[in-house]
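Before I ask anything, here is the structure I am working with.
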Amino acid sequence: MSWHGGAAAVVTLTFDVDAEAPVLASGAHYARHLSTMSHQSYGPDVGVPRILDLLDELAVPATFFVPGWVAEQRPGLAMSIVDRGHEVAHHSYGHRPPTAMAPGEERADFERALAVFAAQGVEVVGHRAANWAATRETPALVAEHGLRYDSSLMADDRPYRLAVGETELAELPVHWSLDDWEQYAFLPDPPIGTVIESPAKVLELWRAELDGMRHYQCLFNLCCHPFLSGRPSRLLALRQLIEYALGCGDVRFTRCADLATAVLADPALPPRPLPPQPRYDSNSSASNAR
Amino acid sequence: MSWHGGAAAVVTLTFDVDAEAPVLASGAHYARHLSTMSHQSYGPDVGVPRILDLLDELAVPATFFVPGWVAEQRPGLAMSIVDRGHEVAHHSYGHRPPTAMAPGEERADFERALAVFAAQGVEVVGHRAANWAATRETPALVAEHGLRYDSSLMADDRPYRLAVGETELAELPVHWSLDDWEQYAFLPDPPIGTVIESPAKVLELWRAELDGMRHYQCLFNLCCHPFLSGRPSRLLALRQLIEYALGCGDVRFTRCADLATAVLADPALPPRPLPPQPRYDSNSSASNAR
Amino acid sequence: MSWHGGAAAVVTLTFDVDAEAPVLASGAHYARHLSTMSHQSYGPDVGVPRILDLLDELAVPATFFVPGWVAEQRPGLAMSIVDRGHEVAHHSYGHRPPTAMAPGEERADFERALAVFAAQGVEVVGHRAANWAATRETPALVAEHGLRYDSSLMADDRPYRLAVGETELAELPVHWSLDDWEQYAFLPDPPIGTVIESPAKVLELWRAELDGMRHYQCLFNLCCHPFLSGRPSRLLALRQLIEYALGCGDVRFTRCADLATAVLADPALPPRPLPPQPRYDSNSSASNAR
Amino acid sequence: MSWHGGAAAVVTLTFDVDAEAPVLASGAHYARHLSTMSHQSYGPDVGVPRILDLLDELAVPATFFVPGWVAEQRPGLAMSIVDRGHEVAHHSYGHRPPTAMAPGEERADFERALAVFAAQGVEVVGHRAANWAATRETPALVAEHGLRYDSSLMADDRPYRLAVGETELAELPVHWSLDDWEQYAFLPDPPIGTVIESPAKVLELWRAELDGMRHYQCLFNLCCHPFLSGRPSRLLALRQLIEYALGCGDVRFTRCADLATAVLADPALPPRPLPPQPRYDSNSSASNAR
């Protein structure tokens, strides 16, 4: 059985329930900025319930990446998602990018999130790095703690088996063009985004990529943020996108955890090692060239 | 009687008559920049009269948020808006963001604006923070001075009753996607904006959000700036939007003050407290996780 | 006779022939950046001849704002434009924004440009400030040297008579939305612009504004830069715009100089003084409010 | 025989195979940023094979500009492109902009790349500067090493013969509007790009420019990056663009090397010298004007 199960493209609907975390990670003083905080709380408080209803209506499964801090702040949130039949996965503790942390800090943040989910009885089997900013240490950390997949890299648009020491992870690649952030996010403080795109443009962008991925048999790993895509017109566009995909007849919807299992069991996908760290010495050019 | 009066969506047309204030708040030396000053004065001097005529023609009410400084600089402006049947509301004194002020400064600025409106005989019953940058102190300030509503937060897209100590405010939420600033604003000095969007795109964006809000029964709280939306093609697009909404047959237009009264009297909307200030300690992650 | 001569809208096609000047004004070291310099030289060397041919074909007049430095660097350029029946006007000497100069520097730069045009036998009767960054001193400088109009302010979208001491200038207002820079300009070094818009979008934007201006009887004062709008597809879009305007039947094309004469002779346009410099003291708010 | 061979427009499809180089050139520490590195490695590893297949299917030739560092890191890459019938050309060693290097550094970087291609048996006859940031020294460097053409300048949209001392180069001009970077590139770290455009918009932009260039008989010198345009929907749009051009019937496709030969042999294109370095002294304005 191949990872795609014969489908032209596989869709994983994923929602990064970041709430206030990315803003606070960029500056703890934003806790005082009531307007900005309210902009972020809309995600879990208004967006998530609507998204869950939409997924119910369309009968498609999804994966919710939740920072541990967010799960801690809203104790019932993660389990309420699981109770609706969806997957909750690891999205760091405090939504600080690993590339901005020392290795010891990354480990501590990673484990702190695991502790939160364990305390809440929520089983997590996959991980996505905050800001999609995985370091070279991240895959080993994910593997060491027994998770099955990571979803933070962009080396392909089809899943692959990432060899990490003795074990393997399924890598479910992401891409900025399938992220609602670049299309919709705007805040003046902290300064995020420029113009705000219309849902019609975003629908067109994503439909085109889905069609392209059906041509090349790829993973359409969509990433939406409830504080962004939970807004009314954007939800209607997301509904149209899902209905379009369902109507194609050759697209399979799956949770990331289930896809990871299929990927790790697909013999046509041989394990790939991490690429070696690129060596780039801008000063050596003169000496070497002569 | 519910806040929406049975309508699928409620529309509040609001105009932030900022004139030169936001530019001067970012640097008093811009007073010398005659081109930039003229770009801003277009708002009250050309945009507002055209907007008032458009509202007359279409027979829809609106709310104009006016900084006290602007009302002071153009003595007849606020009353001329009231005389046309619209509401004038509090939009700070000098259009400095509260989040950039010490609490004492925010209070002084807030009260100075109230003094201007009182001196002009203009009754204000609602408030919108400059830059939509309310602090955690802002709601109490609004309630303390007897205003009925605030319109600076984004925790929902339906109005809610905000509990503030012993009293309540109606919160009429805003959102960046219903603001003309991100679509149209451009100045090189101070540097504001990037590309300038076409009115056709903006009309499409806002119509889609109105349709989404009719689906979810929300408040379409549109925010336009006369120095931006007062330009000819943008006014024609705004006219088309209003005509579309009127043609829907299930949309109600109201001034913010009247909506606030309905919100405060709607028993189906229980008071919500301010959310607690988020505690986010990025340093504690290592210690807590072990 | 009114300034608009009974037309629904008046069109002034203007071309700011900036060449290398704005880039060098932002840093003289860019003279070494051959790629960037070549990007700018395209304007006078390729763009201007094509634009002149297009104007011939469509038989419409135009005004070319030329920095003195550019006229000096390419000695035949200004006169070759005049010889084709168009107007050449003053656009500073070195394309440095007046707001970045001390008053004495602004005067020196202004007069140096006049000297260049005088030496070349090119009569100039109007002025546009570099970067549309006029200071409060600029109008007096324009009037003192006997020019008839300025085209750097944005207080209206219809021409007006600007009272300057004992004399008057015609002000022919500009606006960022009728400038090709925000739509097309991109350079990484110096960093200018973000995405590059398609000519179809720009054509739609400008057609909509022309229609809006026909509704409100305004001045459609279009500003194009030959290094931007001289590119093939953009020229075709500009041609379509002009053909559309010609087809309207109620639009009048004129050179700025001729419009200025009509404006100054229109008794329905009473002289407006410069607005007083706004007084904005952000520190006084606390003391005054109490 | 003229350079265009009687075609209305000539198309050179070019692909800048930058991989990790531009990111590492902006900061060697990005080697640790696994997500960003994976975003860049997608180019040679996934994008290039798909592009080669697409070119095969449509039977059109192309030119691949490859930094020497990239060729070194992936030893078989350059030759595999040549083996498919396409051209590989010089695109610096480390993708550092020449304008950011001292002349000695530029030379060393330039020669180091030549050494890599020589060692791999890949003959290169043309050059494109990293970041399209050629200095005034770059053309002499290209000529001195016996290359036939450069493709880094923007002084025209038709090829020209660039006189360099005793010899000549063919200059095949580029332009930002025919570059996929401004349309598609987005990374948060290093910060690149803002919104991500849809392939439908880009197709429309490029088709319009091709039509404009057919009108003016120009060189449509398209620049795509495999890490950007190798994505599924973008490849489909590129396919549509090529099919459109093929369907025009008056468009000729060629490799840059072959075009350069035709340009250098076209007597209707007289050699143009490098323009003199512009002299721009912002301080002299006051003294000279009096």
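Each chain carries a letter (A, B, C and D) given by its place in the written order, and its residues are counted from 1.
FYI, a residue touches a chain if its C-beta (ideal position, glycine included) is under 8 Å from a C-beta of that chain, and two chains touch if they have at least 3 such contacts.
As the structure is a prediction and not an experimental result, all values here were calculated from the model.
As for how the two copies chain A and chain B face one another, under half of their interface residue numbers coincide. Computed centre separation for the pair chain A/chain C is 48 angstrom, with centres defined by C-alpha atoms.
If you average the CA atoms of chain B and of chain C, the two centres end up 34 Å from each other. Among the residues of chain A, those touching two or more other chains are numbered 193-195.
In terms of which chains touch, the assembly is arranged as a closed ring, every chain touching its two neighbours and no others. By the touch criterion given at the top, residues 20-21, 24-25, 28, 31-39, 41-42, 45-46, 50, 69, 73, 93-94, 96, 104-105, 108-109, 111-112, 115, 184, 186-189, 193-196, 198-200, 231-237 of chain A touch chain B in their complex. Residue ranges of chain B in contact with chain A, taken from their complex: 97, 99, 129, 131-136, 138-139, 152-157, 173, 175-177, 182-183, 193-195, 197, 201, 204-205, 208-209, 211-213, 215-216, 218, 274-275, 277-282, 285-286, 288-290.
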